[in-house]
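Dropping a structure here in structure tokens format, bear with me for questions.
Chains here go by letter, A, B and C, matching the order in which they are written, and residues are numbered from 1 within each.
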């Protein structure tokens, strides 16, 4: 089986990743074209969670640094986007790039401080970051809109794209679908970049630092710099995610970047399977699709609206606990052990 | 063995992403445009069938903002069920769907997508909160969904040019601030006034209204960040500034906190709370528990001044309160009738009026047009009329100033109405009419 | 001057509450090397138990005792049932389990007790003392709060320093293998550590609730500042937790009173970062600086 995979797929890692992303792109188009507008909007939501989560998995899964503050970094990206898009002079791709760059810069500062901290101390500092940064928006309310936040005019689909897609699929390009395309296009690009990064030299040294700091340092690796770099990559992803969030939600407001957001990202990364991009995707899907599904099950089981709404966080919490007890490696850990067992039983080794 | 596995990571990732997309898209049903939206014969717009009209709303049902606010939709639901049990509106029953946004604008945008695109509601009725609702303002107006009676007194909802589908409902904070300001000016012209403000548009608009009359009397303005429950420093600063009257634009839990903090400091100014924060029944119940314990004086909130625009649960003789009690007893769920539930019922009542005015074949544009044409003439549970017209989507036009006394309130002056900006405050002399005998409005279709 | 005094006293009372919460975190950290994010939710739950009893006509102290006992049972139960399987595994897994518990318990409380504000009585007066004709922001109940925290801290120090049980608990936390070889029943020590911590957490919950409003999410703000206080103090030492709590309580009170309440969260961040950059393991840690 594996031999077959190797024969069919090109040997260059980069090329293989590009092919995989192209294949995924086709599927994304197929799925977005055949699902309802509401599902499209859910996919748009999933895309920004996933962009932030894959970035966090580089930091936490690969480099072993915990962050409870990625929500704050998303806020930086979202506010940058909101400010740049405000007067309509800046095209949105430029705003997304700027949001990524600004957040990466913030990542340098935070990462430099974080590189000195370990375990619970890092957790505490990043937690304080998650709670503190939204306060900036209230303090500088003249510029950042205070509690009410900044409204964002989300980009409208250009006519040529609408025409092209209509030609291909005979479907109109709705606002929700366009944002889903935007989000997933960005996500696939991020995945391509991160997959290459993780397969390459930096992936190896980050893992080395995570697994044994002393050995890595003896081997001549400069730990501080590597840690900061991991933080910067991860922050850039969070900033980009924040930018997509601002355009999908059409608002950047402090109440959108509470500690709940930061903690949700961490749960997504761990429940999916720490260190795995696929796991981060799965975890993000859980964040987006589980709560409304539970609420709807609750409602159709005869609960009142309020009870059904309270059921959703309850089930989410229980799922977190159960997954960690049943599958300590997250969903991807489970998948891997199944695959290993399957191989052993199939005798293909 | 782990190396090739790692290289395959992305391939696997892509496959799982695909699987996630495909699996989760199952059960989505057909696209709404191709759906049976037009079925049922005689239906006139999205969310309207021959025998139903579907409306929706977003509320914080979980999390920090849930206490209190989560009761509003239960009240609205009870009233809609009462109307349905009595034949509905133009033969249609009203289906009411409300979803949880946990007071987080990111969630609001998701649940509003769900309401509009999945549940295919005809209109949004009573979506709650300023930051939350402003996240969906553009979306609702872009999709042409009537966005009626937002549960917030922000000035954002009155922009008919920019947001033609959006209507406010409760008196906005500026109007309330003006009427309170004028009351203080006339009755306590020499008092030093302190402001206790929530640090958002609520406090800001209220301050603007009050300052229009008593700018020279204000000695301090202290703001609290919502969520920060230690307001000792703010109250201590107001005390240090020598404020004899404190006007609070705050939510009910902070009314209780401000009373407890003042108690600790033995600080006894004349408190004036905005309507949002007073709810005498709720605050009284919260504070009475302490008096059972070691705090001696009966009701801390007794003697505080506030404003009213709806008869509350404590005025059990008012014909409107009697109606709400009857509705709640017949169709409510667990719990008692509260002022939050009365708020929800009153909004529901206003929606029924609007739906009647939109005629037997309501359309989204039709209901907006109907509100613009006759909205200013509608009378209901509120003491004052709405300001609805083609040029204004602002809600109720005024309040009356009352003093909290025992379990109820005593009027301190007449019902007053005004508008934003420089508009004068005038007395509203029209008598408050009781509800129709069957408790269901009877508004004639427009046009 | 009076304002300064009142802001200071208010900050001390608030700081004592953060300290109580930080003490509970420190206990669990010392016992199992886990940060318990469910601490606040567990405390909220036991506080509701007390409230239910008090509402049904029992005295405050009955409710108080039952809440502490409930904490003991809940702590032991949580350790045995959901924490045991993830102890010793990847540290993030334990974090996620406690986060899951936090979310689930909070939702459960909303379902069982309702998502409404309720007032919680205080056993002592809520009126400030009068000194020389002016009233200061220090009440009999504040005395009770600060007294309780001091007693708990001294109790913990005594437990760890002077008792056989404390020694065994420390040994289990320091090295499970060695402790086991020495005949310490490590599993039981871990359960005990969680149970004690939950009692202290429940106490913090009751102290915060007293003379205040409770709702299912009322502990959320305390969780963050309590955690910051524990980290500030160094996570290892009960005295550090108390010092961290008081520092945070006082500092935030001054910021809120003189600079504005919107800066409180930023101030907490600034203080923590400043301290950690100088002392990466907190103010009171005796751990040697890591070499890497």
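Heads up, the rule we're going with is that a contact is a pair of C-beta atoms (placed from the backbone, for glycine too) under 8 Å apart; a residue touches a chain by one contact, two chains touch by 3 or more.
This one's a predicted model, so the numbers in the text were calculated from it and none came from an experiment.
Using the mean of the Cα atoms as each chain's centre, the chain most removed from subunit C is B.
Looking at contacts between chains, the pair that accounts for the most C-beta pairs is A-B. If each chain is reduced to the centroid of its CA atoms, subunit A and subunit C end up 32 Å from each other. One inter-chain figure worth recording: subunit A and subunit B are separated by 35 Å, centre to centre, where each centre is the mean of the chain's CA atoms.
Counting partner chains per residue, subunit C has residues 107, 110, 115, 260, 262, 264-265 touching two or more of them.
Chain contacts: subunit B has residues 61-62, 70, 199, 225 touching two or more partner chains. The multi-chain contact residues of subunit A, meaning those touching 2 or more other chains, are 135, 138, 306, 310, 312-313.
Per the touch definition, subunit B reaches subunit A in the complex via residues 4-14, 16-18, 20-22, 24-25, 28-32, 61-62, 70, 73-74, 77, 97-100, 102-106, 109-111, 113-114, 117-118, 130-132, 134-139, 142, 154, 156, 199-201, 204, 225-226, 333.
Listed in rising order, the residues of subunit C touching subunit B in the complex are 2-3, 6-7, 10, 14, 60, 107, 110, 114-128, 130, 135-137, 139-140, 211-213, 215-218, 220-221, 252-254, 256-258, 260-262, 264-265. Residues 2, 5-6, 9, 13, 16-17, 20-21, 23-24, 27-28, 31, 34-39, 41-43, 45, 135, 138, 146-149, 151, 153-154, 171, 175-176, 191-192, 195, 198-199, 245, 248-251, 253-256, 258, 260-261, 276-278, 281-282, 285, 288-289, 292, 295, 304-306, 309-310, 312-313, 336 of subunit A touch subunit B in their complex. Here subunit C touches subunit A in the complex through residues 29, 35, 82, 85-86, 89-93, 95-97, 99-108, 110-111, 115, 224, 227-228, 230-232, 235, 260, 262-266, 268-270, 272-273, 276-277, 280-282, 290-292, going by the rule given at the top. Residue ranges on subunit B touching subunit C, taken from their complex, read 61-64, 66-68, 70-71, 199, 223-225, 227-234, 236-237, 239-240, 252-253, 256-257, 260, 263-267, 282, 285-290, 292-295, 335.
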